[in-house]
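Pasting the structures in now, so scroll down.
Across the two complexes that follow, chain A remains constant while its partner is chain B and subsequently chain C.
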Partner chain A sequence: MSLYREKKGLLFFFLIIGLIPLFLNKFQAGGYYIGVLTPIGLYSLAAVGLNLLIGFAGQISLGHAGFMSIGAYSSVYVCAKLGYPAIYGIALSIIINCILAYLISKPILKLKGHYLAMATLGVGVIINIVFREFMYFGGGEGISVPDLKIFSFNFNDYKIKEIAYFYLAWSLTLASLVLSINFINSKAGRALRALHLNEIAAAALGINVSSYKTFIFVYSAVLAGISGSITAHYNSYILPSTFDLHTSIKLVSMVILGGVMDVKGAILGAFIITILPELLGKFDEYEGLVYGGIIIAALIFFPNGLISLIKKINAKILKLFKKK
Partner chain B sequence: MSEIFFQYIINGLTFGAIYALIALGFTVIYKTTDIINFAQGEFVMLGGMLMYTFAENCSMPILPSFALTAVSVCFIGIITERLFIRPALNASLISVIIITIGISILYQSAAMLIWGKEALIIRPFSETEFIELSEEIILNVQNVWIFGITIFFMIILHLFFEKTITGKAFAACSSNPNAAALVGINRNKMVLTSFAVSAGLAGIAGAALCPLTNASYNMGTLFGLKGFCAAIIGGLGNNLGSILGGFMLGIIQELGAGFISSGYKDAISFLILIIFLVFKPSGLLGSKWKKRV
Partner chain C sequence: MELLSIDKLTKTFGGIGAVKNFSFSADSNRITALIGPNGAGKTTVFNLISRIIKADSGSIIYNNINLLNQKPHRLMQLGISRTFQNVVLFDNMPLIDNIMIGGHIKCHPGIIKYLFSFSLSWKEDKILREKSEYFLEFAGLKDKINSSIAELAFGQQRLAEIARALVSEPDFILLDEPAAGLNPKETEQLGELLCKIKALQKTILIVEHDMNLVMNISDKIVVMNFGEFLAEGKPADILANKDVISAYLGDDELC
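Now for the complex of A and B:
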């Protein structure tokens, strides 16, 4: 698909998303649906970065919730402890995650496969335990987060909260998506794809393998951090358990379930993984059973992710139209 | 001081034995399939739960319920392989990781539905629970049981690999699958056996451990991860390494929990793992890393 068409399709998709609140507001339960869509946007933001890391750089990370928690706690530190505006908190989260991800990536990205999965998992678990044991941030009891105010505009104002966060989350996701697609189609992106296919061949062609891997790792960590910061403000209260191993696994499941060879797959995955528990709420105790079953079945029957299924259906529909 | 130290060492050896059993399970599967089974910890949990069912619900004596538990968990391992792993044997590494995580979620919630959320108490293996070694040191007999059972099954496993035809077929299959297929070894059968053996080992670990720690539906994940840590520390794919790694991890973790902080207990294990991965990814006994072109 050409770059132009891909972006056009993307704009169309986001136009629809952007219009959803206008329609939903007419319904009684509109607020509930928007309340489901906002976390999807926030997860998508983190998943897009992770998709680039897994799908294009070919690296695994089972520790990205760690970067989310760093984002969340830097927001808490700046807003609650220092009393500065929220935007500085997000800036701090970006800076810390840049430095941390860069430092971690140097030794860790040398590893491969299971070793890499386990190392990143370890990093995520350690970050989580440190926040749990660190009483300055409330330890395991959690800590409340001040409102997100950008120039006297308060996102947490109860009248507009859902709508404001909805647009904030999805516009950030759109921005990250456009950035990622541009990146994939740049020289660096082509280099990365070569790297994914065959790392040694890529290195032999003069591609600086490790610097590209590091760059993507840092990029994905920063996106996860921003997502974590905004999640913290959105929830008004954070617990270390919000960003534990399960969240890391959730993020990776989104990416894999959606499909790794397409950045848009991350959004599809975020949709499915976030909406599933909401739908399964009716199943109550059987939630985990169905949830686990769906993950296994989807991966066995659609190893390339569900986006490949959608593409197939799409192609068939187009064919039908052409015949007529 | 030295008494406390001794107590930590005993605890370390006990948990180390459990980690070693789980790590051996990882190694057995990894060698035949190159798969890391993230659901391994759930077999430990199922071992504990089934032990509760047989020993407490059905009030059977310890020995038959232990044997029944081991066989049942073996059987669950076989079902797992047939249902979930075989259709995905050729999928990409990360897909298989997520599938095994899915299996883990599935089993955990199934266990929650069957046995409930409360921690279940299982009676110790022998009547006398404690032995006083000296005034300060009190030995829990269950610790001795766990240690003994672990060593016993390690020896059995060793004999299985060295003396039986199936065991040798395992070795052939892991060193060169294609050549093994040429001489008539059925790889699918080997994969199935490896899942049975590995689930059985984890089930044994759970059944022996749970009288000490109680059994609950969500205990598996952490044990699985620690077992994997032990396997990597010892050198992934090396049986002796897994055992060494398990004991090392157990002892360091208990000493760290005792002398530094018990809250950071798990962080210490993962820190050791990362240190190993960065400085010696081949582990204690693993063969040198080779880059294949």
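Now for the complex of A and C:
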């Protein structure tokens, strides 16, 4: 079945990703490249959840960086303020995001389209302001985050930090992808696509529209929260501005640029949105211009996301092999 | 035996009575047709039954359950499925998936379990797919099983929607103008399909403008006009009813 092939393809992709550090280590600049790939993995984690929300359920959120910051500050609270191990911080981030996203989703997901976009934008901004004004967490000055230690393994040990976070980020992304692919290839995936197009018809077919929307909102918020927690530990220091509106929009751009009808598109989007500014460094002051131009062009020529381009190339390669 | 009985149902939209004190019943294993001139409130009655809009007063009793206390998505579990006046198929997935959605309620009720288990949906989908293919064949779309929605002609989309309404094996099927936009041949096909569905011991409530179809297949016809009950009876009685004729063709005095 196609799903079997999809998972096999996924495994292959992650095997390559997993081998990258081994090759890069031979170069002097290896650390730099891995240092770029780790944030991509962390963004991917958040973008995968958002992809389900935007692409499959057809809801929009311009406030997901808010959930990332809740994840980050949960970790700070547990590790720095309470002194418990980091794993409890991640657990707390999951719990708080579950509860908060559930409470927010109940009134907010009744809104549609532009109104939902505005409301979620408001949520993101409010969360951001709370952390900026809340001096307990250092306010706008930010706060330092203790090392991520799981049992006695310290991820922040300077000798292995890049490699350790690289594998942590990408294995979490892999896990989230497997869960998401399971989900969308079941009755739940069909239900989400149905309510995306017509909520009334979906309800008439026996789909509990509000609970599906709530569930997918909470799921995406939890993934964003975990991503935020790990990001906090990885950066060792967090500022409220790390998770502001700009980050929310970046996440949505990743999802849309990568392709909304395929979860794997989120990874591609995260890759491009993160790496593009690095590649465009030589344009100096025109960097923003070129960056924006590339994104606009990509959306005009590949309205279904860049994943559709990859799929086309993939199909052509497969055809070539078959001919031989 | 009455499967569905509606009593004194009322619904007003901004002071205009769309449905006024409307009462009728549908017997089990029969085809009941709801007819009336444009704007009579037939589709409003349908939407009230399927809980898309809320009633002002009255009651809708199905199998001793008052539907007015039920949420829209619960109706499927009670055995009520419906089709729409403007065909609603989801063109973001293949036809077979569209039909499989009809069996949504027959799957495991949890959502979270589907995150962690692929084998669950694997097993369910296998059964559901077979069933969906069976009902597509039943509706006369055997050669379209692997098609996308866009490849279907409008008439075939109608049939597909009916097939979807059957997958959950409901007892009561609401059809909202299934013959609208169909040519005579397709309408004939539709009539045959509806008789085949009736033969499966199902109850059908149909809103329809095509009088030929209604007269041929219905066991009972309920006529409404301006949101009110006008007449009910066997097709032959309705054809002879003076009130019905004047409602459709207008009063003699006006001519």
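A few comments on the model shown:
Here, the second predicted complex is superposed on the first by the 323 of 324 C-alpha atoms of A that agree within 3 Å, B and C clash if a C-alpha of one lies under 4 Å from a C-alpha of the other, contacts with A are read in each partner's own complex, and residues count from 1 in each chain.
Basically, contacts are C-beta pairs under 8 Å (C-beta built on N, C-alpha and C of every residue); 3 or more make two chains touch, one makes a residue touch a chain.
The structure presented is a predicted model; accordingly, all values stated were derived computationally and were not measured.
Touched residues of chain A, counted separately for chain B and chain C, are more numerous for B.
Once the two complexes are laid over each other on the shared chain, residue contacts for A:Leu179 go to chain C alone; chain B is not touched.
When the two structures are aligned on the shared chain, A:Asn314 is found in touch with neither chain B nor chain C. In the superposition on chain A, contact of A:Ala194 is made with chain C only, not with chain B. In the overlay built on the shared chain, the residue A:Val252 is in contact with chain B alone; chain C does not reach it. In the overlay built on the shared chain, the residue A:Gly206 is in contact with chain C alone; chain B does not reach it.
Once chain A of one complex is fitted onto chain A of the other, the partner contacts of A:Ile60 are limited to chain B, with no touch recorded for chain C. Once the two complexes are laid over each other on the shared chain, residue contacts for A:Ser236 go to neither chain B nor chain C. Residue overlap on chain A between the chain B contacts of one complex and the chain C contacts of the other covers 200. Residues of chain C that touch chain A in their complex: 50, 52, 71-73, 75-77, 81-82, 84, 88, 90-93, 97, 100-102, 104-105, 107, 111-112, 114-118, 120-121, 124-125, 128, 164, 168.
Those residues of chain B that touch chain A in the shared complex are 36, 84, 87-88, 91-95, 97-99, 101-110, 112-113, 221, 225, 228-229, 232, 236, 261, 263-264, 266-267, 270-271, 273-274, 277-278, 281, 291, 293. Within the complex, the chain A residues that touch chain B are 54, 60, 62, 107-108, 111, 113-115, 117-119, 121-123, 125-126, 129-130, 132-133, 200, 245, 249, 252-253, 256-257, 260, 285-289, 291-293, 295-296, 299-300, 303. Considering their complex, residues 3, 179-180, 182-183, 185-188, 190-191, 193-194, 196-198, 200-201, 203-209, 211-212, 215, 219, 261 of chain A touch chain C.
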